[in-house]
Structure formats: structure tokens, C-alpha cells
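Labels run A, B and C following the written order; every chain starts at residue 1.
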Amino acid sequence: MDLELILMQLFSGLALGAILVMVALGLTIVFGMLGIVNFAHGALFMVGAYAGLWVAAQTGSFWWALLVAPIAIGVLGMAIERFLIRPLYGRSPDDPLLLTFGLGYVLVESVRITFGTDGIPFSAPEALQGVVDLGVGYFPLYRLFVVGVVALVLLLLWVALEKTRFGLIVRAGARDPLIMKVLGVDVGRLWLLVFGLGVGLTALGGVLAAPMRNVSPEMGTLVLAEAFVVTVIGGMGSLLGAVVAGLLVGIAVSMTALFAPEMATIVMFALMALILLVRPQGLFGRPGAGA
Amino acid sequence: MTAIMSVTDVGRSFGGFVALAGITAEFERNKVTAVIGPNGAGKSTFFNVLSGVLAPSTGSIRFKGQELKGLKQHRFAHLGIARSYQITNLFPHLSVEENVRVAAQALRTRYDILRHRESYPELPQKAEAALAQVGLLHRRGRRARDLAHGEQRALEIAIALVADPELLLLDEPTAGMGPEETKDMVALIERLAADRTILLVEHKMKMILGLSDRILVLHHGRLIADGTPAAVQSDPEVRRVYLGQNDGYA
Amino acid sequence: MMSTTELAAPGALPAHGPVSAGRALDRWRVPLTVAVLCVLPFVLPSQALAVNVLIYGLFTVGFNLLFGYTGLLSFGHAAFFGAGAYLTGMSIVHFGFGWLGAMLTGVVGASLLSAVIGALAIRTRGIYFCMVTLALAQLVYYLALQASGWTGGENGLRGFTVARAELIGGFSVNLLDPLQKYYFLMVFAALALWFVSRVLNSPFGAAIEAVRENETRARACGFDVERTKLLSFILSGALCGLAGTLSALHLSIVPLDALSVHTSSIVVMMTMLGGAGSFFGPFVGALVFLLIEDVASLWTSHWQLIVGIVFILFVLFMPKGIWGSLIALARREGRAPR
């Protein structure tokens, strides 16, 4: 086992983790603001991938797919918040969770009806095919591109949260919902936007992941579990936690695949169990805030 | 002059924020002690530390000679410490009687899965006695959430009372009550004080001055005064802290 | 007429119409449920449906103890159902156990697994809980997938048909006869129901109610909330394990799907359809779910779409489920103004 192979696998893990970061970030933003877990999050990831597939087929351009699909699915997310979740505010916190869980079923079946039950291959655009020399070995260009896009999105998100009024409100509101009343914020509109943003992020993850795996109606199930693992490890509601834990899990899975491929999926669940034992609130979670 | 609970140099901080620092006090048996202070003075933290909700960061709390620091919260009830909550905190869908009975059961049996819950005849008796004490017997069949606010406050006390605690912690027992209901509550507390130690947080000054044997004043997490109502009232430090505070102190 | 009044007398119930009807329903819930289960094979369109209602109903009863009565929503109960089924099958295939030994292995194994998963999951609160249970159940799923030498991996576990169950005294039950098999399995379900009813009536039943209603207050009253939750979790896991055991005996195979998220989801849906926190609701939920599946799959392969939509409508408009809403209606009618 030479060092180069390990370094290459590390990069692979980074690309895998980057996708997880997108999904977990969407989940945790929605939880932080609205206090609900979106069980349709994995299904919306999958819908994002299919939307990307469809847009790419219509326009012949991966770039349009990358831009249009997340926005379209984000708008779908807003519609979900407005018409399905909003009636449930004030009821048991389990209710929105159960509702989105049922919605996941509906989305998966709808995609099966529209696109068929078989997986569809989705190839990266010409410009992103091939490999680059990283000095330690050749690495698929597309994976490098994924890491780059996610880094860019994280930067934009950071600017939006740290430097704008919207970000100020989101951060304050996540800490203490009462503040928003004091600031005179229209909570309904804010929640709509935040839910749309969370869904848009996971859809973007779906489009980015599509060329790396087969696009299939079931692809969301494992992603949902993965996003849960990342969120528990990082700490619910912590954006930094989602980023760090996402990359950590990606790298852990990919390194395990190198040494014991059959343990690759299992290792992240084991990692989560370990975190629960030693630090139940997660790496960056506040004690008491859910643990 | 025997102390039932003694608090030595107790402090509690959250991250970098010190909510409570260096509190030392003793609570005598069968006395009413009030804890007052402006908002944010640390009263709630103090109460939560005394009832086991929060562990103290520093110091020691002894109850009847036993160290409480490090005990899990549910143990406090078994030792004879009960509390009520500032915001009404009941079992909303259970009946009034069930609310009190399940509280009584907590000290008797908790994991018995084979016997019938009716096979503890002393539980309904205890529940009945506690409800009679707070004057809620006529509401025993109602669901807790359907009670009027004042009745819910009374049920809150009954739940704490059914454990027959030696130390009763009351967190703003008259919060949100009108003058009539407040008067009833004061009379109730006076009756209860006959044979148990009571510690209460309150904002209504008039009530405290009439009811308490002793007053502790907290400010910025520190104990700035400790004495009889008369002594505390004339304390210059307390007057300074409360000056301009519209807490009904005048 | 005389006999009916005599029947009512020992209950010493206050005679106020619907209120006493509700109480009587509670008191007789086990015999009534078992009576319904007894006639099920004759009133349902197929005996296969009746067995499924029995098994999934019991699975839902176990889940409901945790969700409906203790207030903890788990999305990982397939782990216990699947563990019960797999361990039953594996102890026959690999160790040549008899049916009773295999069943015991299944139930005990599922209980131990639920103790481990429960102890981890209970370290978290609220909404975290369902995420952790889902993830840990996935761990079990992938472990079973990898340990294909023991479990048969993706193909499921096969080759352990129990044709005949020997009883004491030389009696035996022919498990190849659908009706004999149904009543054989039903005996265990009936025992489990009696057990659950006892637990609900016990002081522990009051403790889980208190935890569900108000965790903070329950703790202040002196309940060890974590331990109460864990015990409830284990009892729930054991019951779901029993359901899995029955399923293994019934099907003579264990599909890998028994451990999947889908199986965890089914039990959540059945509970919600029937009514969380009601005694008979789980069987109503199981029946309705399986009927939708049967009927809808006759004219479309996308029956899950219909299940999903029906489920969403229930969450939005009938969160108490079918049986739960009926009970609420009866109670409201019966509540005398005081």
C-alpha cells in the first residue's frame, strides 16, 4: 500500500464528502431555523439528480442543468413548505417529520412513473472528462470540479450568512426565535426561503453526484441515512459541523474502501455510534440543544 | 436552628458566562425563604441548581448532610426535594387526579410491569389528600389542560406536594394570577409552611414581605443580601440595585 | 337478559352510557382483540391477508408501545423485526434448533439488539432520536448484507421450513395447513397482547405515560426518564422481534428486505393509519395498509404512490388515525359535563 494510493483515495473521499456536505447542510439549515427534520430530503436529492438529467437532455448542456435544476427544485421545496408543512406548525414536532416522510414515498413513486424504475447513466460533460495530474497521481477531473463547486457554494453561503441582513436574521433566529419578533421579521416568508434554500442545496448535491453514480429512484434512501449520520456527528443545527463531519465521513468511507471494501458503508454508522457514546451532542453541537 | 440544606460557594457558568458565583447560604427547617433579584440576577439558575436540573460548576450543596452534587435530577425527589415550575408544567392530557397520582407513584414504584397500577391503594389516598390541600378535589376528573390558569397553578403545587417533601421549591407560584387567586395562594403557602421548609422565587414584593422569614437578594449572579425582610428592606446595597426598577418594590 | 347484567356487574363500572362503554372496551380489550383475530381468516378475502394482518399487527403493537405510549418515534424498528426473523431462521439452518428454541432465540436476540440500539439512541433527544434509530438500523442492514455466509446476503435466508410443530403430550400442529398455522401463530400474538395490556395497566405503564406527556415534569417527580425509555424500547424491540419470528415461521424465508428502511417505514405508517396510542389501532392500521396495497397493486404497480398520498392526508387531517379518531369521538360523546 503506497502513499500515492492513499493520497488519491483521500481526494476521492473529499469529493464524496463534498456531496454529503451539500445534503447535510440543507438538512441542518432547515432544522436550525424551522426545528423540523425533512425526511423527504433524500428523495429531493434524487429528484434533483433527475431534474438535472432532464434539463441536460432538453438543453444538451450540463451547465444549464447545474444552474436550473437546483433552483427549480428549491422552488418546489418552497411550495412544499407553504402548502404541506405550514398547516402543521404548532402541532407535535413529529407531524412535519411524518408528513415529509410520506412525501418521500410520493416523490420516489412519481419519479418511477415518469422516468422508469431502472437506473440511468449520466455522463459528465466533455470538458470535465479525463484526469488531471495532481503530482501524486492522476485524478478524475470531474471529482475535482465537484470539490471546487462545493467550495464555491460554501463561500457564497458564508458571505450570505455573515455579511447580509438575511444572514444576520437567520443566525439570530436559529439561536433565539424570539429575536425575529423583536426585529419585526416576517417569519413566514423567512421560513419559506430557508426551506427552499435547504432543498435547493440537496438538489444541487443530487445534480453534482449524478455523473459519479447511477441515477436511480432509490438513490435517495442511502443519502438520507448518510445525511443523518453526518448531522449527528457534526451536531444538529451546526453549519460548521455539517461541513467538517461531511468531509470526515466522506474520507472515512473512502479510506475504508481502500483497506476493507465490504466495510465501507458500515464504517460511517459505526463512527456515528462512537460519537453518540463519547459526545452525544455531536462534534460542534451545543450541549442541551437536542442531546 | 438546624439547617436542612446548606449551599457552599456554589457557582454555575454557561460557556464563559457566569450566571451564579460563590453563593453560600443555609436554609433552616420549617422556614420560608424568598429569593429575589432583578431579571437576569440568577434566580432561575439558582433554583435549577438546587433542584438538580443543572449541576453546579463549583461548590457543594448538602441536603440533610448528604452531598447532592453529581446526583441525577430524579434522585432529588426521592431525597425529599420537590419543585414547582414558573411556567405551568403539567401532564396535559391526564386527569387532575392522574397527574397527582403518577407523581406519588414515582417515589413508590417505577419499573413494575406486572402488577396492576391500582394495586397500590395508598397512591389514590395520597393523591386525594394533596388535591384536598390545594382545593382541587372537585376537579379531579378534568383533564389538566382544561383547567383554568389558577387551578393549573394549584395543581402544579399539588404535584410537588404529593411527594410530601421536606423542602419545597416554588418558582413564582403566583405568576399570572389576579389579586383574588394570589390571596388564595398566599394562604395555601402559609398553611404548607407550618411543617416544611419552603424556598420561593417571587416578584410580588408585598407578598414576599408578608410571607417570608428570610430573604436572599441576588444581583448579577451574586448574593448581595441575606436577612430578615426588615433588614433586607433597609439594606443600602439592595436599595441601590432596585432603585428605578419597576418591580413593585415600593 | 339476566346473564348480560350479571356480566356487567363484576366490573363495578359507573353506569353512564358511553363512558362506561369506553371503560368496558378498555377492560375487555384483550379478549375483544383476540376474538377479532379469531374470525379474521373467515371475514377477510384471503387467508394470506389474515396472516399478514396478524403478523404486521403485532409488529405495529410493539412499535406503538414505544411511539404511541412512550412518545418516542423510531425509524429503525425493522432492525428488531428482522433480527427476530433472521435469528429464528439462522438457529434452525445453522444449529438445527427446534421451533420453540428458534423462537426463543429470535425474541431474546431482538431484545438484546434493542438494548444496545436503545442505549445509544436514548442518549439523544427529540428529533435526533428518529435519525439515530434509522441510521443504526441501516448499520444492522448492511451487516446482514455483508455476513452472507450466515444470512444468505442479498438472496435472503432460505431452507428452514418448519412443517410440523411438536407440542407437549404428543400433539402437533401441521404448519403446512394455512388455517392450523394461522391459529398456531395467533396463540403467540394473543399472549403478547395480554402481556402488552398488563404492561399498560401496570405502574410502569403510568410511568411511560408521564414521560410521554411531560419529560421535564416526570424527571422532577422522581422518574428516571432515561431508564424508563430504555425499558420501553427493549419491551418494544422484544415484541417486534416476536413478530419477526412469526413471520419467519410463516414464510419459511427471511428476505433481506425485513431489515430495510422500507420495513421500518411500513410500521410507522400502519401505526399512524390505525391510531398511535390505541390498543386495537395497530390491527386496523395493518389491515388498511395491506388492503390498500392489495387493491391498488391490482391496477397499478405504483401502489406506493397511493400509500404515500393516503399517509400524507392522514397526517394533515386525521392525525389520530382511524381507530384513534373513533375512540376520541366516543369519549367526547361520553364526557359528562362536570
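One rule holds for everything that comes next: contacts are C-beta pairs under 8 Å (C-beta built on N, C-alpha and C of every residue); 3 or more make two chains touch, one makes a residue touch a chain.
Please read all numbers here as calculations on a predicted model, not as lab measurements.
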Exercise. What's the overlap between the neighbours of subunit A and those of subunit C?
Worked result: none
Exercise. From subunit B, which chain is the farthest off, judged by mean CA positions?
Worked result: A
Exercise. Centre of all protein Cα atoms: which chain's centre is nearest to it?
Worked result: C
Exercise. How many angstrom between the C-alpha centroids of subunit C and subunit A?
Worked result: 33
Problem set entry | Approximate Å spacing (C-alpha centroids) for the pair subunit A, subunit B | 46
Seminar exercise, completed: Whole-Å distance, C-alpha centre of subunit B to that of subunit C, is 42
Exercise. So which bits of subunit C are touching at least two other chains?
Worked result: none
Exercise. What residues in subunit A touch two or more of the other chains?
Worked result: none
Exercise. On subunit B, where are the residues touching two or more other chains?
Worked result: none
Exercise. Residues of subunit C touching subunit A in their complex?
Worked result: 73, 75, 120-121, 123-128, 130-132, 134-136, 138-139, 142-143, 146, 261, 265, 268-269, 272, 302, 304-305, 307-309, 311-312, 315-316, 319
Exercise. What part of subunit A is in contact with subunit C in the complex they form?
Worked result: 31, 35-37, 84, 87-88, 91-95, 97-99, 101-106, 108-110, 112-113, 221-222, 224-225, 228-229, 231-232, 236, 262-263, 265-266, 269-270, 272-273, 276-277, 280, 290-291
Problem set entry | In the complex with subunit C, residue positions of subunit B that touch it | 51, 53, 72-78, 82-83, 85, 89-94, 98, 101-103, 105-117, 120, 141-142, 159, 163
For this session: Can you check the complex and tell me which residues of subunit C touch subunit B?
Result: 198-199, 201-207, 209-210, 213-214, 216-225, 227-228, 231, 235, 338
